[in-house]
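One chain, chain A, appears in both complexes that follow, with chain B as partner in the first and chain C in the second.
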Partner chain A sequence: MMAPFSHTATGKKAAMALRSQLAQGAKFLLGLWMAGVIVAMFVIIPQYEGLGDAGRIIIMHVPTAWVTSLAFVVSGVFSALYLFRRRVSDDASAVAAAEVGFLFCILATATGAIFAQIVWGVFWNWDPRETSILVLLLIYAAYFALRSAIDDDNRKRRLGAVYNLFAAVTMPFLLFVAPRLADSSLHPNCAFIQGSQCDGITLELSGARIGLLGDSKLELKSLERQGDLVVADVNVTRPGYQVENHRPSFDLASGKPADRPEFDGEQFMLAVEQVDLATGTARLNIEAPGSGLLGNSRTLLTFFASMIGFTALFVWLYRLRAQLLMGEEWLAQRERTYGFPS
Partner chain B sequence: MIDSDQTTSESTLIAKNNVQVSSLKPQAPSLAAATLAVFRKDLRIELRSRYALNALLLFAVSTVVAISLGLGPIAPRDNRDLKLIQAALMWVALLFAAFTGLARAFVQEEDTRTATALRLAAPPLAVYLGKLLFNLLLLLVLDAVIAALFIAMLRVGVGAPLMFAAVLAVGSCALVAATTLIAAIIARASAKGALFAVLSFPLLIPPLVVAIRGTAFALEGESWAVGAAPIQVLLAYTLALFVASLFLFKSVWEA
Partner chain C sequence: MDFLANPSVAIYTAMAVALVVWVAIFAYLLRLDAQARELKRRMEQVPGEQTAPRATLEAQRSSE
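Coming up: the complex of A and B.
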């Protein structure tokens, strides 16, 4: 009778020992991986033209934002599981995922704001992604506030899970609404030019040929049609710079700007947003760089390595935290059953 | 076991769950009848004390007066975005007035310790629907008052009155669909007042933004082709949160 029992017990012990060894190994590997990503971020990937060293932040910033949304989904799934199965471990996982997600949400917001200030000149612009991450931050905070305001453990778990799921229902609407909030996203944007308007400036060949866009003086010299393209000849005078000549173009077939030449400082681009050949008018605007950051293969690989590393980091962190929460619960239960150890 | 001053409609409901009380077993009321009974009870209690109504209306009046005093009359020529600013101010006033009054329906049940009796007397769905209707009525009254005050005191010109009314009504539906479940949640927690605003606000950002845009369209007198889009989004939001609430309310009510 005893033999098989003890046999399974030793088998279980061996399996647990193996698991803990594997976990140790995975932890070690993860540490190495993240260290490699950080080294690659500063050493291997090239500077992005126009952004300089500030562009490197993408390796940290985007994965933190990704982990934030992943954590929200994981937390929602565990909340639903808790409402179905009423297992304390599911609730512990939901809380743990939300806590780790909250941490990464703060990191993503902070790194994003720093980057925006350096490159675009504003900490905050109500960009769609900024809006959704802020709402996510508020939801996480509200979830913790709710949990801390309820004393009874079971009620706390149920109401927390309900709120988490209810908040998840509003997410698709946020993703739908947020992009429509700002007229344009931060990527090609205008907010960084002091005193400018998002609409750009309309110049006429036969009328007002010279206009002020922010601090820059633009002069439209000619409009020339080349097939489907209209090429504008523009002189740009920026404070502290020589007069520059640029030839941005506009694609009549697609109705979109075609070629956007970069300024000599390589921070901004000049674009023709609308053109009317009959009256000889063109709407010009100055845009910021930002897209095409991942065009380089070394950057792309480092970026993916970072995404994988951060995702693994998240899984490790939230499982660790869930185990701690379960330990707390176990201690509380023992206390309830046996009283305080004297 | 039940307060003696409950209304008659409630006593029939209560009797349903205490079959032994009377030898004559009353027929179980339909969901609609139970919902209406809860709604009528809330309305009657509200009309007796007028707590929520007073809080909402006085809050609305003080907000509008504060805005009006702060801004003075804005000359239409001065600002291109005037309509958008007016719409935003109006929804901010509405939102904060709603935060002060909409939690009342559930909080009052906990305060007067009648929640348990209500749990026995009516099915959870009827409680939810009844309170939802009551909150909607409260908010529509608030809408009318705030709109009238804005038009009178801030000289807001309404270009398309019908669309204006529609956006306000649908926006209120969205607000109520989101906050009624939250009110039920916070009724079980401590620090109820502050928590209600904290929990509701993140969920109300999408409908709020859409409603402000829609109201601005209506104030500018845009055509229905433009104005229908915000109304559709608000309806979809209302429907999604309403269905989610129907699923989740039982968990909250019985927690």
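Coming up: the complex of A and C.
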């Protein structure tokens, strides 16, 4: 009668040992993977034209921001599960994910500020993107403050979970929507996810030659072919500025924008992204420095490798932190049961 | 040490610094992970384990 039981127990033990070994192997693989991403970031991906080495920061900056959003969603889900099932482990996972998300949010803000210092000349200029991420940081700082302000464990968990659900709802708006609603942001929103102004505007010499792009009025005056280059003569009217004349160009041989003139006193650039001389049409766009960073295939591959690595790192970190929180809870419970710290 | 900031070497210097930072963080995480696993193992062992003699606990409770 004992044989089947011991057989099952041995099998279970062996499966657990195998699982533990696989988990250890995955952690070492993650260590090597991230080291590879760092090497690729500095050595394999090319410099971005106009930004030099500063463009490389996208390999760290965007994945940390992505992990932030993922972490806050995971945290919100565990908070909902806690309210539904009232399991302490769900609350520990919610707190752990929020803490890791908060850490990655700080990293995304810091790497963004470094990029801003190099490219915009200032660490912080209250760009819509900077402002919204600061608000998000404050919302989650308040979550931790709320939890630490309540002594009763059950009350703390319940109120924390409810607050966390509200916080998670604000996250997509603050990270993805609000920065794209702003007409004037220096943040290169078009680097990966298409924003509202990523497609530019198509103007036609014999038709609609005037159009609005954000809060700027663009007028296409002429298209002139100079060898392989097509030079567009464009008047730009921006609120509070005199009419500016720019001559961006397009390289027919490479099929890419050639000269992108900068606006007076600002770093936005005017680019001709597509041209058709037969119909006299040109697609114009206003780009922030860093737009199209992921156009290069080596950069794109390194970027995706970094996204995968950071996601795996998040999973490891939040589970580890949740385990430690459960350990704390276990010690506190022992103390309550036996009346003295063990 | 000035050669480390030389434009042709600076990118490798930055890479080396980033790698050292990552290795340090990773080693710390592995150590923390091992400690957490040990803690978990002890937590799972506890139901059948008595950390203090029952008689002592009862004596303590009766004196309260």
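Everything below uses one rule, namely that the second predicted complex is superposed on the first by the 214 of 342 C-alpha atoms of A that agree within 3 Å, B and C clash if a C-alpha of one lies under 4 Å from a C-alpha of the other, contacts with A are read in each partner's own complex, and residues count from 1 in each chain.
Quick note on the criterion: contacts are C-beta pairs under 8 Å (C-beta built on N, C-alpha and C of every residue); 3 or more make two chains touch, one makes a residue touch a chain.
Since the model is a prediction, treat every value here as computed from it, not as a measurement.
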> For A:167, is the partner it touches chain B (first), chain C (second), both, or none of the two (neither)?
Replying inline: first
> What is the contact status of A:339 with respect to chain B (first) and chain C (second): first, second, both, or neither?
Replying inline: second
> A:43 contacts which: chain B (first), chain C (second), both, neither?
Replying inline: second
>> Residues of chain A touched by chain B versus by chain C: which partner has the larger set?
In response: B
> Counting only touches as set out at the top, which of chain B and chain C does A:53 meet: first, second, both, neither?
Replying inline: second
> Is A:145 touching the first partner chain B, the second partner chain C, both, or neither of them?
Replying inline: first
>> Going by the contact rule set out at the top, does A:154 touch chain B (first), chain C (second), both, or neither?
In response: first
> Which partner does A:27 reach: the first (chain B), the second (chain C), both, or neither?
Replying inline: second
> Touching A:176, do we find chain B (first), chain C (second), both, or neither?
Replying inline: first
> Now for A:324: first (chain B), second (chain C), both, or neither, which partner does it touch?
Replying inline: second
>> Using the touch definition from the top, list the residues of chain A that touch chain C in their complex.
In response: 20, 27, 31, 34-35, 38-39, 41-43, 53, 316-317, 320, 323-324, 326-327, 330, 334, 338-339, 342
>> For the complex, give me every residue of chain A touching chain B.
In response: 83, 131, 135, 138-139, 141-142, 145-146, 149-151, 154-155, 158-159, 161-163, 165-167, 169-170, 172-174, 176-178, 181
>> Residue numbers of chain C touching chain A in their complex, please.
In response: 11-12, 14-15, 18-19, 22-23, 26, 29-30, 32-33, 36-37, 39-40, 43, 46, 51-52, 57, 60
> Which residues of chain B touch chain A in their complex?
Replying inline: 178, 181-182, 185-186, 188-191, 195, 198-199, 201-203, 205-207, 209-210, 233, 236-237, 240-241, 244-245, 248, 251-252, 255
